[in-house]
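In what comes next, chain A is part of two complexes: it sits with chain B in the first one and with chain C in the second one.
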Partner chain A sequence: MLDPDSGLSLTIARIVRRLQGSSLHSQLERQARVSLHKPEIKLESLKEDIKDFLKTSGWEKKLQNAVYSELNVFPSPCHPAAPPEHMKEPLAYMRKAQRPASEQKELLNKWNEMGTDEPDLSLFRPVYAPKDFLEVLMNLRNPNYENGEQPSFRNHLGLIQVPLKVKDIPELKEDFSELGLNTGQLGIDDSAQVPPEFFENEHVRVGQKVLAEQDSAAAQQYVRQGCPTALRADLWALILNISNQPEDILYYEQLKSNVIQYDLLVDSLIYKDVKLTASNDDYYFVFEDYLYQVLLCFSRDTSVLEHFTYSSATPPKSYIRGKLGIEEYAVFYPPNGVIPFHGFSMYVAPLCFLYHEPSKLYQIFREMYVRFFFRLHSISSHPSGIVSLCLLFETLLQTHLPQLFYHLREIGAQPLRISFKWMVRAFSGYLATDQLLLLWDRILGYNSLEILAVLAAAVFAFRAVNLMEVTSLAAAEAVLADLSTLKVMPLLQIFLFATVT
Partner chain B sequence: MSGAAGPGRAPLPCAARAAAALQLPGGAEAARPGVAVIDLRFPRGGAADVHEIVFKNFYTAFLSVRVQRAGPPGPRRWVTCLRDHRLMPSPHTEEGSQDYFSLRRHQMLCDMEQVTALRFILRQPSPAWLHFSIEELQVFPPAQKSPQKDFPSWLSQLTPPEQPASPHGELPDPEKVSTEVQQMWVLTEVIRARQAAARIGRFDVDGCYDVNLLSYT
Partner chain C sequence: MAGKVKWVTDIEKSVLINNFEKRGWIQVAENEDWNFYWMSVQTIRNVFSVETGYRLSDDQIVNHFPNHYELTRKDLMVKNIKRYRRELEKEGSPLAEKDENGKYIYLDFVPVTFMLPADYNLFVEEFRKNPSSTWIMKPCGKAQGKGIFLINKLSQIKKWSRDSKTSSFVSQSSKEAYVISLYINNPLLIGGKKFDLRLYVLVSTYRPLRCYMYKLGFCRFCTVKYTPSTSELDNMFVHLTNVAIQKHGDDYNHIHGGKWTVSNLRLYLESTRGKEVTNKLFDEIHWIIVQSLKAVAPVMNNDKHCFECYGYDIIIDDKLKPWLIEVNASPSLTSSTANDRILKYNLINDTLNIAVPNGEIPDCKWNKSPPKEVLGNYEVLYDEEMAQSDGPDRDLRSRSGQSTGTKGGRARDSGKPILTTWK
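Presenting the complex of A and B:
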């Protein structure tokens, strides 16, 4: 491990390098140059005066937000001896379990099958569905781990057999302390029976102040208790450091023109996915056009490739025919390196309620993807990765509802089989939209996806009585089929803070 | 096998014996004792100052290091310089199991001058793991002061001021040209030093994403 000093200087060097070429840097320079005309800037104390000017005019805040955003997104620097793939994923057997080879072969088979003239959508199968992904995760094994034949403490009773470190309830209580019983929450303390003077009015006032200050870190802390609906769009943009500058709008327009001019095979996958999922959903079918606009541009956006530096996955590469292996003829296919799976459009759909301008909606979605959603469909040992979330869910259920877990296992209904699809989609399409947005508030606030696993366990705890009476997987799925009436925050509070352990 | 060395640092050449598991006398067959030892000696019985030890962990939970130092002749004693350093915070789980570690001089309990041999005692109390060891072991001496960089030779060569016969006046004034060239050089140096990280290009298609052109095999 690095000792604190060299770790800090490495982090500082990396952030400086990343911010140096950005548009924020040139804007700061321009502002500093403009400020030279002001009377209060004196030549003798030039540096301090300019620094003070930048502080009062709000530019220092923007720089702080940018630095904070970099710290949130990129992992802490590794040991200098570690090769780059170690930084993406330290465990060797997880690196080897990546999907790209099988995905590419599957796409190739489809290319050979279909005609190239017009995309007959019936010939397209989605590349993979969450069920297939769960099969891959179930078969992950550490070759150095003793998975003996005899049942022992090493064989996990659930589906995931990888011994990752997951938190238990005391640790989760500490991490999610703002969700405690003594703290006000939106989602609980803003219901009709509670007079708004107790919590809601004050919370909204604090939110407006945070927005006025334009401070990302304060916004992230604020959002942990929930976001008022009126302020949510701006607060999320502040946390994700999206400012919708003219160059961002221009970038989006360029992507749009690329969509109009050029055709990509992945477009058909996107069309099919939107038609199958979002268009059939009662809440989201109105946003079908927005979804196409965002997703078609997303698949052409090469800046998404940057997130592969800290993701454990690698983007699939393809070569011009006949030039296999020659790097100049290699392209990433699709251009953003992300192959959409069945249900991918549900990541975008809830955001359509918040943002109506396509370019801002696009940027928010892109930033949410490269910060959070990519972890839900790639194999890694990160604590917010899907493998850890599954193991956390199973461990929580086993520890706190052992009878239910045993019963479900006995009837052949492993709990993860039911909750996996919830977690992979971050509950989008399963919860009511207002509840979903409250949940995503907490994902942004805590900068981690662990709350998805906790919510999944809480749902099982809530329906435990019914689940104890079922006798088959289909019946268990029927009990848990409809989550649209659930209220997210009370469930989380009860499970974390009010259950007798 | 080599990691990235810092500037001016090369790992010391040394010979490491493979990890030997602890065995009870009476030589029973493979019970897994959870303790292994790696011995490291410098070639030809030499001694060196040790400043940093870098290695990659492979499922070892605790590490102790003992050194043998060159000293007065007689039986050499082993001195413990690191006791039960925790590599894996939770030995049953994966955290820290394949990470890279650095042990520096200031973490050591004793002097590390004129070391002749190092002994790494690895412990893994959890029975969950089949093998444990440390890999890519490298030992670094204290860093030398970096030598003064040489000035580029052309800077130190002062050309004598020549007075060429002045041409008709069609050629520009050499003084002006040289100052302008100097300014341009400064600009290029500044631009080269500040490579912009921002993306200015968009993705270029020019037919290269056409399905018929691409192949995987």
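Presenting the complex of A and C:
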């Protein structure tokens, strides 16, 4: 295996390569040059003095945050001999499961047929809805895996049949230790019955300090206990390393002008999605226009293509008219390589409660997408990928609520059929907004989506009594149709830390 | 207990009738012996009128005060508030303090308003100080946004000029009177759209003043993006938030009805503007409601057979200042969405629990002090008796930093008034 020293130097080399030539790099250079005029910088100790200056003026902190951000986003480097596909997805059978090129071409043909100016939106069935995606996942198999045993109750009885490693409750308890019963939480210890002196006031004070220090890593640790509503927008921006510099605003304005200048067929998908989901939502209908703005810009943003270096997916290609198949005339279509699916706009909608300035809203969403959300609709073996989340959910349920699991399976209501849509949308549109934001606090805090699977299992545990009495899939769906009254943190805490296993 | 409550209503709404029936009350006709009458504003006029009126007995309760119009007619509300301010100023009260521009610091919560045609000349004077301003014309006696229009030129209201020779405006009965108010053309926008707040306030007695605020108010959004552009002054879908108007728009949605809960508003404001300014906003909203009630309390006929549930309409401007637009005596009980129906059902339920204690045959001589367990989604907004018993020499504007604002309107178990330092 890779020895730790060369692994570390590879990582350092990669980060240096990525930060070189970035705007932060040029700003640091400029700052260093400016500092030469300062009296405390002496020629004899030039290097040390400049380093001290950068430290005290807060620039070292900015560099720290940028490095931390890179570490969070990019996976550790593989063996130097491994081909680049391995960084995207190490398991061969997962790579093969990506949407095949032939299907992509078929989609393009369909689009080329509908070339009218104002396509009738009813012709655009969503390119795929979560249900279709689940069917694909259910059919994943590892050809190398031979499960010689006869099918028995000890096998995995859920829908996902690939042997990925998922955590069990003891491991989850360790990973999510800050959610334990003895640690204060927002979402539990800030309710009306608890005097704010016990936890809330102090937590707010600490949050303000973290913001004053502008330390990404500290912020990430802090939000594990939840963000005070007034501090959340700034804390998330700090963790995602979004500072909304003039060049970022300019970039966004440029995307906006692209939207005005030309249409993409994908725009129709976006309109339809927003109209079908967010526009009908009690919380998010207000932000309909913001959603169009953000998503139309997003589909034209080629910087999003960068995430495909660590995503298992590959952006679909389109060809200049008349040059089908000739690689020199290939372009990514849509420009950002991401085809929106039914419910995609719900990734953006909750963010509208935090950011009312469009360019900041855009950047936050883009960063959330390339760090987290893309994993929810691509096929990979990553522990935060949707396949692992499904398997984690099913395993937790089968292990800790076996009676419920078997009952639901018997009546044709495989639990994953119900919970899949929750996880694919990161629960957006299913939970009340304030609860959803508390959940997403923890996604950012732990840099992982596993909490979605744990919450899904906790919801089933909470409604277990009613679910045991149903006799059909439709009835089970009905019991779990309305999650808007659920309080997320108590559910998670009870499931992880207070259930007798 | 002795027999069941006998009820009458002339408002055929299911949210009312379901509530009466679930209490096992008995429906009777108007001319029979009744205990509880939920009446429309026309009927209350008859009950208390000199010619057709009749005395109510001790076991009869009605849902309006006889002269509620002192608060709920647009022109009278403004008159009473102006009179209240002048009185406070005369007695040297610190509440009536003015700033260097002559504007009341604490009592400037109603946009500048004039009656037409009576104050026409005063209005012209004010208009000319600011000729680019927009004004909103509202008929005094109408509701649901009927007859409202915006003007930005004097020529548009020539009809109301008292001196106008061309005025064919002969009959100056109170029905055709209008108020003209400075239009708030910088409303706080969310998602680019204008909205207003509908809050329900229950008054059980005016002297001493005892009022309750329903925690589940809502915001009503326009379906069309807001623009102050003069070319869109006629587009009521941009400017008027009344559901009665918006529901005829192309984009009206029957699932959410263009409504947001007040808790959504609070979450949005806290997240985007911070906690202190949000708390201050909600404190001010409570303040202006109480002040408006205090303003009319001296002239209200505090008939002990009466209680009233008002619909307050409030607009927030982009500086987060709330403005009182009007008070409705008969807030709509029509439900535009499923959530709406549930909300209004619970509103009536909680109102009845407070107004008719224990659901038993009422005695109008009771002390109108319900125990805190029956308040439901109401919380005490102001209780004059309790406020006075706390000591008369508290500073008027000193409030503790942690008022209910921090808990977003969740239940205060103590049942004490929200802002006890007001007198």
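Operating definition for what follows: the second predicted complex is superposed on the first by the 482 of 501 C-alpha atoms of A that agree within 3 Å, B and C clash if a C-alpha of one lies under 4 Å from a C-alpha of the other, contacts with A are read in each partner's own complex, and residues count from 1 in each chain.
Please note the rule applied: a residue touches a chain if its C-beta (ideal position, glycine included) is under 8 Å from a C-beta of that chain, and two chains touch if they have at least 3 such contacts.
These numbers were taken from a predicted model, which means no experiment stands behind them.
Overlaying the two complexes via chain A leaves chain B and chain C side by side, clear of any clash. In the superposition on chain A, A:Arg232 makes contact with chain C only, while chain B stays out of contact range. In the overlay built on the shared chain, the residue A:His356 is in contact with chain C alone; chain B does not reach it. By the touch criterion defined above, A:Ala456 lies against neither chain B nor chain C after alignment on the C-alpha atoms of chain A. In the superposed pair of complexes, A:Leu269 makes contact with neither chain B nor chain C. Between the Cα centres of chain B and chain C, as seen from that of chain A, there is an angle of 170°, stated in steps of 10.
By the document's definition of touching, of the two partners only chain B reaches A:Tyr251; chain C does not.
Look at A:Leu496: by the touch rule set out above, it reaches neither chain B nor chain C. Between chain B and chain C, the partner in contact with more residues of chain A is B. For the pair chain B and chain C, the model built by superposing on chain A gives 28 Å as the shortest CA-CA distance. Contact residues of chain A toward chain B in the complex are 1-3, 17-23, 78-82, 86, 90-92, 104-105, 108, 111, 116, 142-146, 154, 162-165, 251, 254-255, 258, 261-262, 264-265, 300-303, 318-322, 324, 331, 333, 335, 381. Every residue of chain B that touches chain A in the complex is listed here, in rising order: 3-4, 6, 54, 56, 58-59, 89-90, 92-95, 97-102, 104, 127-131, 136, 138, 194-199, 202-203, 205, 208-209, 211-217. For chain C in complex with chain A, the residues that touch the partner chain are 190-193, 221, 225, 253, 255-256, 258, 260, 263-264, 267-268, 270-272, 274-275, 339, 402, 406-407, 410-411.
Contacts from chain A toward chain C in the complex involve residues 191-192, 196, 228-230, 232-233, 279-283, 285-290, 352-356, 433-434.
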